[in-house]
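Notes follow once the structure below has been shown.
A, B, C, D, E and F are the chain letters, set down in written order, and residue numbers restart from 1 in every chain.
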Amino acid sequence: MTQTVKIGKLAMLLASLDESERELFIDAFEQVEYCQGKAGSMEVQKVIAAVETAAKRNGIISEHVYRETHALYHAILESLQGVTRGQIGVGNMMRTVGLRFAVVRGKPYDRSEEGEWIAVAFYGTIGAPVKGLEHETFGLGINHI
Amino acid sequence: MTQTVKIGKLAMLLASLDESERELFIDAFEQVEYCQGKAGSMEVQKVIAAVETAAKRNGIISEHVYRETHALYHAILESLQGVTRGQIGVGNMMRTVGLRFAVVRGKPYDRSEEGEWIAVAFYGTIGAPVKGLEHETFGLGINHI
Amino acid sequence: MTQTVKIGKLAMLLASLDESERELFIDAFEQVEYCQGKAGSMEVQKVIAAVETAAKRNGIISEHVYRETHALYHAILESLQGVTRGQIGVGNMMRTVGLRFAVVRGKPYDRSEEGEWIAVAFYGTIGAPVKGLEHETFGLGINHI
Amino acid sequence: MTQTVKIGKLAMLLASLDESERELFIDAFEQVEYCQGKAGSMEVQKVIAAVETAAKRNGIISEHVYRETHALYHAILESLQGVTRGQIGVGNMMRTVGLRFAVVRGKPYDRSEEGEWIAVAFYGTIGAPVKGLEHETFGLGINHI
Amino acid sequence: MTQTVKIGKLAMLLASLDESERELFIDAFEQVEYCQGKAGSMEVQKVIAAVETAAKRNGIISEHVYRETHALYHAILESLQGVTRGQIGVGNMMRTVGLRFAVVRGKPYDRSEEGEWIAVAFYGTIGAPVKGLEHETFGLGINHI
Amino acid sequence: MTQTVKIGKLAMLLASLDESERELFIDAFEQVEYCQGKAGSMEVQKVIAAVETAAKRNGIISEHVYRETHALYHAILESLQGVTRGQIGVGNMMRTVGLRFAVVRGKPYDRSEEGEWIAVAFYGTIGAPVKGLEHETFGLGINHI
């Protein structure tokens, strides 16, 4: 069963492309609901809260249904595994500089029973607590909603 | 110190865009050396070997210098942490379907002392051993070389 | 928001109690759908397959809807983290002796929007490859479905 | 070598059953020494300290022998792997609501040389820092003492 | 409470020094019981079995007491975490070349109640499945027995 | 390809031997550049900063070249995996007492193309937050520079 709408790829493009580049994919983005944002903090908890707040404020998930928050929460955690490359517990020592994120909600599969899924992508630079130590980092998490 | 050439983003685009989409970024790809390939196996060891073989055959890293293989190896491992979302040890139970990869080598920083770095990106679908259980997955690893 | 129906606790009781003990909780079990089984293998993949097969054969999840399998799969993985105590990747070296499992599907919350959730519990003995090295082990995973 | 006294199962029952349910197993609990308690904090360190304090105050382990504390400490850590499902490092971001624990000390094996073992079980609800995101969680750790 | 006999350091020296170097510490080694060996395999299970067999054959632990095997087993696992640098699950892809180990049993503390402890050290070279990719690696695990 | 100069073993000896013992290896230490230090804190971030500061102040790595800091940083992280035995995320709960470290830079291989590598070793005692719970711990990380 292949995905018709690639919500993960769309989330990655939304998180990493600059404005002029994003216009090249404008038709693809119309297939899904999405929001974007920045996570300026270096604490894992605050990064999670930033994504959840953005997703709720933009109506990507319902504020009042716990299972939607639960679905988003695990997609964020999976995405952060990519950002921290499997060392999410070390996350509190990282110094993020301009970590951008995108949350995409859509129907990746043709069969209607498969319903909606959610993708969370992060892109930015990550560093150790010592100034100057930073390079790009990426993460993608996907869940059913 | 920001990166002038975003080798990680370029690796992501090379791994996830289809041919017609890649042409939109053709100028950016000229800034770096890169190769692309597919990892058809479900064993972590074979995925690593496929990337190393492609990188050496295409002259991205030197076959005869161990430190270049060491740099690539750790970039692959970091990238696989994203693909498996922190559970690389569970890797041998995954059923990959069409995992594509890109290896990018370039000079991300203006200062010449920073030299060359390498980025490895994977994009594709990942599943459990039960047929049909698959969705997109992505990973990015970066190292100095 | 507290849970009215404790699907996790019910799964634990189903996996660990013997037949006469289970009868003490017979009323509680009527609140949910569930199935039980044994995982006789020492390979993580086969344990996962055994639970999925049992859950489908007993109608706990629909065989034809990928998102239900996806929900179950992640609940199994979380449960196995408890069984292997965070070392799921080391799983293939364990010698399981009589690992029993239970899958419970129900509505833990009063609000109908929260819908159905699934719980997977394992209980049994686990050992190293050397004969005689075994003691009890337990795991519980929960997901929205 | 099977266990005659199932200290792990007893610990799980002590941690998760309510008072009237526990009475159903009162004979089994007489085979072992145990204590129960609550861990009200969301910090891993404080949870560990709460269990250790309870175990010492109730005479389950000796306050003055380091090796008993060492045995208990590793049993707690293993149990927390189940609670956090392999992400103990993420533990400091969890919001626990009513995590109960039980520590059981006993002789699981018939042969007297096998001596005493200790089991630690946690049961309760676990959540992300965003209010309302919580569901049941369980953990069990066992060690020789 | 400081350790009078440093069983961990002694295990490290036994695993990594060559014969003439070991003679410099001959007095220190007399304080403990120990054995040495080589783990020629690249499979985690076989490495564990090699250490257990050596420890039993040399009388470092009793073959007939499960709790001694349990103590040794967890000390080996902790030591392998150092060898694989936290990625023990990836262990089955490593190509070990001349991994040597030492098992040390002794009384590190002055107080007699603290009894005996066991230390397991590995030292050697570790590599990826591609020939030539290898450098030194080391691990140490300690447990009460 | 075997290592002619064993920078990892030298780092371990520097981190764990006392002064009189170190004199026995004085010739071997002349083959490499190294520095030593103590990490008095219990926070992972401060331990990393202590090692980086020592390595820069003693000229083991260049303060002005990011790729050298990057190489050192990953060698420290790998070494800490050994210290925390794969649970680096739990690191912030450990109470270190006298953790000593050594950073060694040298040319382990005969072939000049392989260039310089760096090794980081930690040795000391590690404990839980409860006083008295401590035993030896070791870690070694190696990277190309």
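The rule is simple: contacts are C-beta pairs under 8 Å (C-beta built on N, C-alpha and C of every residue); 3 or more make two chains touch, one makes a residue touch a chain.
Model, not experiment: these values are computed from the prediction.
Q: Which chain is most remote from chain D in terms of Cα centres?
A: B
Q: Fitting on CA atoms only, what is the rotation between the copies chain B and chain C? Please report it in degrees, nearest 5.
A: 120
Q: Could you check if the interface between copies chain E and chain F is built from the same residues on both sides, meaning over half shared, or from different ones?
A: Over half of the interface numbering overlaps between copies: same.
Q: When the centre of a chain is set as the mean of its C-alpha atoms, what distance in Å lies between chain B and chain E?
A: 36
Q: Taking the mean of the CA coordinates per chain, how far is chain A from chain C in Å?
A: Those two chain centres are 29 Å apart.
Q: Among the residues of chain D, which ones contact at least 2 other chains?
A: 1, 66, 70, 87-90, 92, 117, 132, 135, in rising order.
Q: In the complex formed with chain D, which residues of chain E make contact?
A: On the chain E side, the touching residues are 1, 62, 64-67, 70-71, 74, 109, 113-115, 117, 143-144.
Q: Name, in rising order, each residue of chain A that touches chain B in their complex.
A: Residues in contact with chain B: 1-3, 6-9, 12, 16, 21, 24-25, 78, 81-82, 85-88, 108, 117, 119, 121, 123, 125, 132, 134-142.
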